[in-house]
Amino acid sequence: MVEFKGVSQRFGQQWALHDVSFALNKGEFLFLTGHSGAGKTTLLRLLYGALRLDLGRATVAGFDLTKLKRSQIPELRRRVSVVFQDFKILPNLTAYDNVALALKVRGLPRSQSDRRVRGILRAMGLEDRAYIKSERLSGGEQQRVAIARSMVVNPKLILADEPTGNLDADLTDHLMDIFRQFYTYGTTVIMATHSREVLERVPEARILHLEQGRIVDTASPPTEIELYGGLP
Amino acid sequence: MVEFKGVSQRFGQQWALHDVSFALNKGEFLFLTGHSGAGKTTLLRLLYGALRLDLGRATVAGFDLTKLKRSQIPELRRRVSVVFQDFKILPNLTAYDNVALALKVRGLPRSQSDRRVRGILRAMGLEDRAYIKSERLSGGEQQRVAIARSMVVNPKLILADEPTGNLDADLTDHLMDIFRQFYTYGTTVIMATHSREVLERVPEARILHLEQGRIVDTASPPTEIELYGGLP
Amino acid sequence: MIRLLFTIARGMSDMARHPLANLFTMLAVTMVAVLAGVFLMLLHNVNQELLRTRGQVEFQLYWKVDTEQQTVDQQWKRLSRIKGLKSIETFTPSQALVELGQTLTGPTDFSWIQGQNPLPASAFLAFGLIPGDEGTLWANGLLQELKALPGMDEVHYNPFQLDLAHGWITLVRNLLWPIIGVLGLVVGLVVGNTMRLSLLTRQDEIEILSLVGAKPWYIRGPLLAAGALQGMIGSGLALGILKLGQLRLAETLNFAPLYLKISYLPLEQWTALAGIVTLVAMLSSFVAVRK
Amino acid sequence: MIRLLFTIARGMSDMARHPLANLFTMLAVTMVAVLAGVFLMLLHNVNQELLRTRGQVEFQLYWKVDTEQQTVDQQWKRLSRIKGLKSIETFTPSQALVELGQTLTGPTDFSWIQGQNPLPASAFLAFGLIPGDEGTLWANGLLQELKALPGMDEVHYNPFQLDLAHGWITLVRNLLWPIIGVLGLVVGLVVGNTMRLSLLTRQDEIEILSLVGAKPWYIRGPLLAAGALQGMIGSGLALGILKLGQLRLAETLNFAPLYLKISYLPLEQWTALAGIVTLVAMLSSFVAVRK
């Protein structure tokens, strides 16, 4: 499903990713961990075609990222759906319309999409918030709208960037159950997270730990405390 | 410092806050907990004058929110500084400029603000990210910029809305230390959070647990799992 | 076809979502188009008027007083067949006297002077203008020819008239197209900028659509449709306003002795105006999305 | 004062942060101002020209042929003192004959007719126009008075002339201000809309400034300053372009017999134009921030 070979990505002087190689089979669950700024989001952005590959070779869902043409990006994004770290939902659409949008751009008529949208909103605990403009939703509600939108299209691959940052423990558990269900039905999941609780919810998942853009192969997050400067 | 008496806030049919009363002395640390949509952000928005009080009486930092005039809002916001759940930093300013902005609007010349801005950025571990446009920063880096901006002005009261949602455990610990330092020096802190780890870092703090807009007086977050619907 | 209609429908529903902003934008487009249109109409009318009255060279021919009327008659016949002649007016000496009297004081009886009429036979020839030096050459040639006619006393032609006509034609040639060009630029810049800015406020939407897998045309189509619609409605409104204005004012200057009827823009000009506005609106939608 | 300068400086540095967007906006403002200015200039020039040549009533007086020249001379003197007279031209019968001859064929010797000159003494009086019905009444009254003069044969006055002048004045009265009004509206709408839209793209910035405790004037000041600056530069550029255009074209129509010198906008009009544009730009900045 995903294969990276010696992928490096540079912003200015700084290498956000450095010689990253890994392979992921269909139906696997992968956690991306690492400190803030380690390169998790950058790796995910490569996967949905928001960044052009600088160096190395990579394939995703049958697309060769090295040769990806602009015109192929929409196709890629129809197979790979994303929960963005900053949600990226439209503030003046309702929760319902934001979720339905993903089906609408795929040309699905409203009559067919309606059941699916309602179903996923119910699963997210948003049924009574469905017709409120998204800008009026609470942080956690917005995050769930973003998750719902990524799931409603039955994607081959879900990329979830810190999908539970605004959710409490109970909701996180509940959502992780849903992610697990998708994954047991054969959807591949890559999830960037900081939360140890989240990691523990999918014990069978593989973990890819990044440090300053490099893979540090380990199954559990590091416990060393990296120290920063003192108070001003 | 803060006193609420029977405060209620309504959006359309729904009560986001219902008969909320509490008082907080100068130099106290208060956690706001509660499920997603419980009303935490709404309570904080009242405190910095982004919402007009619907019902009840409230005072903050010497301002009577019931009679707050439009022209007083800037004054209020100079005493109360906020870490927003969605950061609200300017994407095309650098991290440095975003933090300096809070001092600039208070009329502080750059010569005086420079040391403080650099100091706080260093404390946040952002010294080598200071001159990059904020839109290019990672989620956790942006969150730290938002925290730095709230702290740089030496506020009387810090309102922090889920300030560690995008940070890993180590960074969270480090930042909680900084929040604790502010609070031991006399700054009042109100922090909305979902994370049990965060709660544990300030054991002496008071906890206000909200459920559907009502205060449920308890010192620790609830453990009951609220169940949502199944998969679509 | 159905997809096109669907796209247009989406464009319209997009517009309906920000009704006020779109209304303002459309009104701004309309107003610029009206301004440009009024300007074009003014040019067109002045041009027409001046070309009608001034685009000709006139020769005034005076025969010797003692020339036989028969000789003169023959020459009149020949003159009326000259190539390029627009009009010819002839006056026998007595006709001239009557005309003269009228010019002075209205009908007066000059019959007592008849026997000793001091006035010569005369003719006024008007020719369509050949612009440029060629025209001057031709006019001078004709002047010599006319002077050589038997019994001819004097031939005047008004080089002023020729100069004026030349001047105007030069002006129109040198200015009309530059002015229309500048006008097009103005319309383009203002309409384009307005569209671009109003799209900028929707850039988040465009980004998100692309992130959830929308094809470029799915994003661009409705924007183009909305742009075209705004351009079309805007310029349509403008042309309507202009027509109303023209109807209202057509007769305002149509009194003696001006007789100036304000006419509407000719077909090619108003279609060009509408076309440019619509095109610019579409193009700027397109460009704004590309970035 | 220093704070004002500081605010202006901030406005300018804000503009420098989005140089292209601001340039486009300013150019759009300039272009609309140019369009409006050209329009005003056209109106102004046409108005001047027409008022100069047509804003008068003319009386043509013909004395009886046998009237003593001395009587006529006396009356001429009195006539030349009538209130409101703009010009008087007088012709003795022999002067009239010479004039007449010239009109026809250039200098001709009419001396042989002298003894029997059929032409009367005459005079042409031109008066400045009193507009409206009052003017017609006055003209009719004067007509009766003139007719009653001793030795007077006929008095013509051209009601056409009066009509024309009336027509024009009515036109100007009824149209000039509405047109200037519409022009103001257009400029307001287009410039305002452009400014509003370009500010919309900065709404996040405005919100965030207010959230971190900026006072309203800290937010609004630089925007107002930038708006005013754009309006001022835009209209300044426009007036410059107009002036250049006018200098370039001033002499284009200044040939015989038109003698039309294109003149620039009068002080009050160009200041009004610049003022309106600047004001509108500022106002729309202000309004856009309020929401």
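When the chains are written out, they are named A, B, C and D in that same order, and each has its own residue count from 1.
Quick note on the criterion: a residue touches a chain if its C-beta (ideal position, glycine included) is under 8 Å from a C-beta of that chain, and two chains touch if they have at least 3 such contacts.
Because the structure is a prediction, the values reported are computed rather than measured.
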item	value
Both-way neighbours, i.e. chains that touch chain D and touch chain A	B, C
Touch-network distance, chain C to chain D, counted in steps	1
From chain C, the most remote chain by mean C-alpha position	B
Distance from the mean Cα position of chain B to that of chain A, given in whole angstrom	27
Length of the line joining the C-alpha centres of chain B and chain D, rounded to whole Å	64
Centroid spacing, where centroids are CA-atom means, of chain B and chain C in whole angstrom	68
For chain A, residues that touch 2 or more chains besides their own	none
Junction residues of chain D, two or more chains touched	none
Arrangement of touching chains [line / ring / star / complete / other]	ring
Chains touching one another, given as label pairs in label order	A-B, A-C, B-D, C-D
List of chain C residues in touch with chain A within their complex	17, 204-205, 207-216, 218
Complex interface listing, chain B residues touching chain A	11, 33-37, 40-41, 85-86, 115-116, 118-120, 122-125, 127, 129, 136-141, 143-144, 161-162, 165-171, 173-174, 178, 181, 194, 196, 221, 224-232
Chain C-facing residues of chain D, complex	21, 24-25, 27-28, 31-32, 34-36, 38-39, 42, 62, 96, 100, 103-106, 108, 110, 112-113, 118-120, 154, 156, 160, 163-164, 167, 171, 175, 183, 185-186, 189-190, 193-194, 196-198, 200-201, 249, 252-253, 255-258
For the chain A and chain C complex, residues of the former touching the latter	48, 50, 71, 73-75, 77-78, 81-82, 84, 88-90, 92, 101-102, 105-106, 149, 153
